[in-house]
Every structure is written in C-alpha cells, then in structure tokens.
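Just below sit the structures, each encoded as structure tokens.
Both complexes below contain subunit A, partnered by subunit B and then by subunit C.
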Partner chain A sequence: MIELSNVSFAYEKQTVFRDLSLKIEKGQKVGIVGESGCGKSTLLSLIAGLYSPTSGKVCVDGEIDPERISRKVSVVMQSPMLLPLTIWENITMGHDYPKERVLKVCEDVNLKKWIDALPDGLQTYLGDHADELSGGQAQRIAIARAMCKDAEILLLDEPTSALDKENNAFVLDALERYVTEKTVVHVTHRPEQLRGYDRVLFMQAGGLK
Partner chain B sequence: MQVLIDLLKRNRFWVLGAVAATLLSNLSQMFYTVCVGDLVNKIESRSFIGLPFLGLLGILIISNAATQFLNQYVGRYAAEKMAHSLRVGYARRLLWKATQDGKSCDTASAMSIAQNEIANAGAYLGNQFFDIAGMLFMGILVSVFLFIQNVFLTIVIIVPTVMILAYSMFSGRVLSDSAAAALEEKEHMNKVAYAACHAFSSIKIFDGEELCKNAYEIKLTEWEKSAKRMGRRYALYNTLSGIMSRVPLLLLLAVGAYMVLDGQMLLGTLIVFLNLQKSLTQAIMNMPSWLAGFKVFTTNLSRVEMM
Partner chain C sequence: MNRKVAGILKELGLWRVFIIVLILRSPFEFLNAILGANMLESFLRLAETRNGDALVPIFWRFLLCVILLFAYNAIVWCTISIKADMLFHKRLRKRLLESMLSRTKQEMEEYSVGDWITRLNSDVDKTADYLTAPINFMHAVIAGLNLILSSVVLIVLNTRLFIVAILIMAVFFYLSAVVIIKKIPAHRKKAQEAYAEYTNWMEPIALSGAAIRIYEGQEIVMNRVEEASNRILRENVKAHRLTAWSAVVNIFSGNVGYLLLLLVGNCMMGSGIRDFAQLSKITQYRAEMMRSVMCVNNCMNNMRTNLTGAERVEEVLNKYGI
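Then we have the complex of A and B:
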C-alpha cells in the first residue's frame, strides 16, 4: 500500500504541493494526469523514495525511510537512463539474477529477437553504441530492468512520451502484460493511456482531484 | 589552388619582391659562409689576406643583415597584402553574387560562415608561407652547393637525416596511436561517471551503486595503464629521437675532421659544411610538416572558393 499523509514539498523556495494526501491500495492501478510542470514527476519521486517530503509522511508498504522505500519499487522513467555497460548489466544492475529470468523478461518486452541477432548477445557493450539504439529499444531495456527487479510497486513516469507511434505501442503492450498483479502509479499527460485503470487523478495547483 | 594563383597574380609586385628578397638573403648568407671558410683556409695555409678580401667580408656581413631585414619586411608585407586580398576579395565576390542573384546580401553573416577558413588561410599566409618558401629554397640551394663542394660529405649529412625522418614518422604514428588509446580510455571512464550522475535515480532505485563503482574502477585502471604506457613510449621514443638528432652533425665532424687531417679537404671547407648543414637537415626534417601545412592551407582556400 502507498500512503501520503499531509505531504508538502518545495524545491528551495518554490512550493510544489502542500498538504497532499493520497492512499493507494495493493494491486490498484492509479493514473495521474496534469499539465507539464504541475508536480507529477515530483510526486512520483517522493513515492519512489528519491526525495524526502518537506513535511508530512510518505509510507510505502510499511516503510517510511526513503532508502528502504527505493527497494520496494521499480521505476520506468521518460528517459531510459542506460549505462555505458553491457545489455546484461543494464538489465540486472549488477545483481545475480538467473539467466532464465533475464531471458524471459527480454522475451516479454520483445527484445529477444534483436538481442539474439547481436554477435555478443546480452554481453553486447552499449557504451559506444548507445546512440544507435532506437528510443523503443532503449525504453524496453529500461522496462526489462524494472521487470527483472519484480518489485510489487511499479511507478511509470511518462514512459512513452519520447517515443513514436510504433514504439509507443510496443512499450505499452509490454507494460500491459507485466502489470496485471502489480500496484501501479502511472504519470502521463495522455489520459487515453489510462484505459482500464482503477482511478485517474488530476493534478493541478499542487493538489490532486 | 586557383585562389592562390589569383592572390599571387593580384599582388605580383610584392610577391616578386618577396621572392627576390628571399633569394638575395639566402645567397648573401651562403656567400658569407663561403667567405668565412675561405678566410679560415687562408689562415691555415698562411696565405696573404688582402684588404679587398676583408672589405668583401665586411660588405657581406652588412648585406647579410640588410637582406635579412629586407626579406622579413618585404615577405611579411607581401603576406599581409595577400591575406587582405583574400578577405576583401571574398567580400566583393559575395556582393557581386548577391547582385547577380537579386537577393539581399548580409556580408557580415556570409563572412562569418567562412571566417575559420579565411582566418586560417590568412594566418598561414602571414606567418608561414614565405618563411617556408625561403627555407625550402635555401635547402635546395645549400644541397646543390654542398654536392658541388664534396659529394661524399653531403651524403654523410643526408643519409642519417633521411633515416631520422623515417624514424620520426614511425615514432610519430606510434605515439599518436598511444595518445588516442589513452584518450579513448579516458572518454570511457568519463562516460561511466557522467552516466552515474545522469542515471542517479535509476541507480538508486535498482541498487546499482556497486555496479557503477566497479565499472568506474575498471575504467579508471584501464585509463591509468594506457596513460602510463603512453608516458613510457613518449620517454623512450623522444629520448631516442634526441640522441639520433645529433648523429648527422657528429658524423659530419668525425668524417670531415678525418678528411681534413688526411689532407683531402681544407678546414675552411669543413667549416662551410658545419655552418650550412643545418639548412639542409632542417629542410629534410620539416618537409612532411610543411607539406601537411600547405595541404591544410589549400584545403581552406578551396573551401573559401566553394562558398
């Protein structure tokens, strides 16, 4: 469960939101829409434990310490944030996951064919070739990373905003198959992507409706 | 190349003046050196040194200084004239083109497109063109003169110089490969560091701190190895280069001294060789860099021509 109780947050002197409260039950799928700059990504960062609130409490699955909260969530951001390392390392982030799990995840996000065609497969070094990846491929690696971690809570921060129509469809398709039993908070400015969600909240003027 | 020919034609008076000044300066320098050698020979053979000879020497000393000054002055002036012709000629052509096309012409912005090429070509003309032409001409003149004096001794200068040149080209390639490899490792290391900052939130959430730290350590170690390898190579090749650069002069001294002691040659002639060998070795050693510089210059000119 995710619970925000009277949470306020400000960047230096600029208040993003004040006394915001939100409760998301386990297994719920919640969408948050709003205009650019209204604080959607900041809210997600607070839930992910990347920031501490100025006041109030953020509790994720019983944890309030941001360090511990980070371990309970997976995130897919607008930018895939790949590292100049191998595909394997980008997906596993150095953890000792079984190879079958990684291969399954690659198959689920439609990456397996592309990886099999590479001479070094999963050990392909992305460093000098990161620019040659399409936006869809990079984002699917980011989703594979999130799926590999297999956290109960999945946070999506506009994961398809930088993609074209075809890659958009690929990524949404991969996500849809993955999120069936997860708690999801999906931030977007495209409400049509939130079809089938349990709740859709509108963020404006530092508040949620 | 057409632009260069046009520039030379447009400023032919000053270009011819610079060429003449270079010729005079080089010939004066050579005659002076030959006279000094002749003086030493006369002293060695205890011959009579007349006043006319000393007078000639005095005149050559003065003419040496005067022609050097003239060479510098006329050469620089001709170079500046040519650089100015390049800039103004380009601006005039832009205006003519604009009137032909019926479009308005913002000369300032059009000039700014070619500013790098014009600046580089202008700098080459101003700083190097006539100097290099002078040194090249001097090298040819000296080599012909020395061959006439003593073929064997001239070969003694040329052969090790050509070998040093070949070594320099080889070592230059090795060192630049080493430097490129070290730079590449450094870039890899910086990429990891940059990505760690940029992807900080993902690293935190997915607990990737150890991965990043290890990756950075590996890249740092590789860069360190590469940089050390480059340093060792620089030290080795440059030391060898420094030692080898002394060889032509030492060989000339050794062989020349033997020939003087053996009576095959006069001491004055050896002194002429010692004074003039630098012009010859300089021309040989610098030829590749002169050619490379001239190629860059003509490339810049051809880009200006195309714009």
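Then we have the complex of A and C:
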C-alpha cells in the first residue's frame, strides 16, 4: 500500500505540492494525468524514495525510510537510464538472477529476437554507445530490468514518451501483460494510455483531483 | 621534436614564437657551466698559490656574472616562456573546441564523454608540458647543447679524460634510457586510458543515479569504477618504480664516474694535467656532461609520457585539418 499524508515538497523556494494526501491500495492501478511541469514526476520520485518530502509522510508497504522504500519499487522513467555495462548487467544490475528469468523477461518485452541477432547476445557491451540503440530497444531493456526485479509496486513515468507508434504499442503491451497483479502508479499526459486503470487522478496546481 | 607535436605547433601558428623562446633559453646552461668551472679553477688556484689579495676582486667579478646570468634566465623563463605557454594553451583549447563543434553527432560519438573530457583537459596539459614545462623538450634541447659544448671544451682540455668520461656515461645511459625508461610511456598510456574510462563513469552515475539506487546496482557500479581506478594506480606505480630505478642508476653513475675521473686524473698529474685546479675544472665539465646526459634522459622520459597526451590531441585536430 502507498500512503502520502499531508506531503509538501519544494525545490529550494519553489513549492511543488502543499499538504497532498493520497492512498493507493495493494494491487490498485492508478494513473496520474497532468500538464508538463505540474509535478507528476516529482510525485513519482517521492513515492520511489528518490526525494524526501519537505513535510508530511510517505509510507510504502509500511516503510517510511526513503532508502528502504526504493528497494520495494520498480521504476521505469522517460529516460531508460542505461549504464556502460552489458545488456545482461543492465537488466540484472549485478544481481544473481536465474538465466531463465532474464531470458523470459527479454521475451516478454520483445527483445529476444534482437538480442539473439547480436554476436555477443546478452553479453553485448552497451558502453558509451547506448545512444546507438533505438529508443524502443533502450526502453525495453529498462522495462526488462524492472520486470526482473519483480517488485510489488511498479512506478511508470511516461515510459513511452520518447517512442514511435510501433514501439509505443510494444512497450505498452509488454507492460499490460506484466502488471496484472502489481500495484501500479502510471504518470502520463496521455489519458488514453490509462484504459482499464482503477483510478485516474488529475494533477493541477500542486493538488490531485 | 616529435612530428605530431611539430604539426600541432604549426597548426596553431606558434612555431616561430616557440623557436624564439628556445633560442633565448639555450645559452643559459652552457654559460652557467663555463662560469662554474672557471670560478672553481680560479679559487683553487688562488688557494694553491696563497694569493689572498686577488680573492676579493675575483669574488666580485664572478658575483656580477652570476647575477647577470640568472637575471637573464629569470626574464626569459618567468616572463617570455610563460606567456608563450599561456598562448599555446589558449589557442590549443580553442582549436580543439572548434574541432569538436565542427563534428557531426556520429563523429562526436567516436570518443566517449570521458575520453573527450580527458582529451580536452589532461591531454592538453600534457601537450603543453611536452613543449614548455621543465624537464621536457625545451630542457632536452638546452641540455643537449650544453652536452655538445661541454664535450668540445673537455676534448680541448684533455682528450683522454674525455674518453674515460664518455665511456662511463655510455654504459649508464644505455642502462637507464634503453633498459629502464623506454618502458615508462606504455604504462602512462594505459593509465591515461584507464583514467578516460574512470571519467566516463561519472556521467552515468550522475544521470542514472536513480536507477542505480532503485535497482541496488551500487555494487556493480562501484566494482567497475574501482577496477578503472585500480588500473590507473597500478600503471602509475609501475611507471613511478621505473622512474625511481632510473634515478638510482643516474646517481650511482654520477658518483662512480666522478671517482674514476679523479683516480685517472691524479695518475695523470704532472704529465697530462698541470695541477689540481685544472683537474677540478675538468671534473666540472665532466659533471656538466653527466648532468646534461641525465637531463636529456629525464627529459626523454617525460616527453614520452607527455607524448601520449599530445598524440590524442593531434588525433582530434587531425580531423580539423592538420
């Protein structure tokens, strides 16, 4: 369960939210819609334990310590945030996940065909040339990473904003199949992506409606 | 001078400035050597002949020469040379940036971000050091000139002692320069590459810090950064060890050479050499030769190290039109 109680947050002197409260039950799928710059990504970063509130409390599955909260969630951001490591290492982040699990998520996000065609397969070093991947490939690696962690809570911050129509469909399809039993918070400015969600909230002037 | 460094100088339009600074700097070492040798000979001769009255005028004469010589050197080294160095830095950085900005995205991606940062910073410094820093190219030329002129003087003064001095030097120079120092640049180059890799990690850490935290990737990132950091350390330690060995050989050869020359010179006293004052003058010139050889040796070592940076800078400029 995710619970925000009277949360305020400010970047130095610029207030983003004041006294914001939100409760998301386990297994619920919540979409948050709003214009660019209204604070959607900041809200997601607070839920992910990446920011600490200026005042108020963020509680995720009984945890209030931001570092512990971060361990309980998976996040897919607008940018895939890949590192100069191999594809395998980018997905596992050095954790000892079984190979079958990694191969399964690669298949689920439609990466397997591409990876199989690479001379070094999963051991292909992305290095500094991560930019040479298509936006779709990079974002699907990021989603594979989130799926491999298999956290109960999945936070999505416009994961398809940089993708073309075809890749957008692939990514959303992969996510839809994956999130059936997860708690999901999906931030977007495209409400049509939130079909089938339990709740859709609108963010405006630092508040949720 | 290395062809690539010469190319950079020409490209920056600083070839003439550099030659002028070099010509202005060149006479110092040899003039200093003449002054030191003659000063020692004069004072020892005064002591041998117990001519105390001549001491004060000789003292003032040499003191004036020393002040003039060092004033000249200070003006050239501390003002003209530094201005040339600053000009070189300024033009090289500007030209590198022009080269970067004229590239397409694909050409920019030929080098990683860390590699670019290293090329624009430490490699530029290394290129400038090659040309103007102490114990680099400029000192090598000055010491080389000093070596030639001191050798000529020593041949004129006593050819046999010159042969003894040159034989001792040749053995130790081979040991130091060919056996030890030659290996240093390879280690420096590897350290530089590891440094580029290390720098390269800084951007992903800053930009993807959230992913590292959420997916608990601190360990793998730390391991990779540490690997690069250890490689820098390992290669630098190897280079330092070789430099230290070279210094040991240099000191040993200096002392052994001096002792041998004194022994041979004393045996020749009365036949080839007039008196102890003249022998001291000869050993002074031998010391200058020795010092110059060691200086050239050390300069070559530093130049090879700095050349690794200069080559990487030239590689970037090459695209621009050298």
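Going forward, the second predicted complex is superposed on the first by the 207 of 209 C-alpha atoms of A that agree within 3 Å, B and C clash if a C-alpha of one lies under 4 Å from a C-alpha of the other, contacts with A are read in each partner's own complex, and residues count from 1 in each chain.
Keep this in mind: a contact is a pair of C-beta atoms (placed from the backbone, for glycine too) under 8 Å apart; a residue touches a chain by one contact, two chains touch by 3 or more.
Since the structure is predicted, the reported quantities are computational estimates derived from the model, not experimental observations.
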Joint occupancy of subunit A by subunit B and subunit C, clash or fit: clash
Touched partner set for A:V75, first subunit B, second subunit C, both or neither: both
Touched subunit A residues, subunit B compared with subunit C: C
Touched partner set for A:K182, first subunit B, second subunit C, both or neither: neither
Touching partner for A:R140 - first (subunit B), second (subunit C), both, neither: neither
Touching partner for A:K29 - first (subunit B), second (subunit C), both, neither: neither
Touched partner set for A:K40, first subunit B, second subunit C, both or neither: neither
Where subunit A meets both subunit C and subunit B, residue numbers: 45, 48-50, 70-71, 73-75, 77, 81-85, 89, 93-95, 127, 142, 145, 149
Footprint of subunit B on subunit A - complex, ascending: 45, 48-50, 70-71, 73-75, 77, 81-85, 89, 93-95, 127, 142, 145, 149
Of all residues in subunit A, those that touch subunit C in their complex: 45, 48-50, 67, 70-71, 73-75, 77, 79, 81-85, 89, 93-95, 127-129, 131-132, 142, 145, 149
Residues of subunit C that touch subunit A when the two form their complex: 109, 112-114, 200-201, 204, 207-208, 210-217, 219-221, 223-224
Residue ranges of subunit B in contact with subunit A within the complex: 188, 191-192, 195-196, 198-199, 201-208, 210-212, 214-215
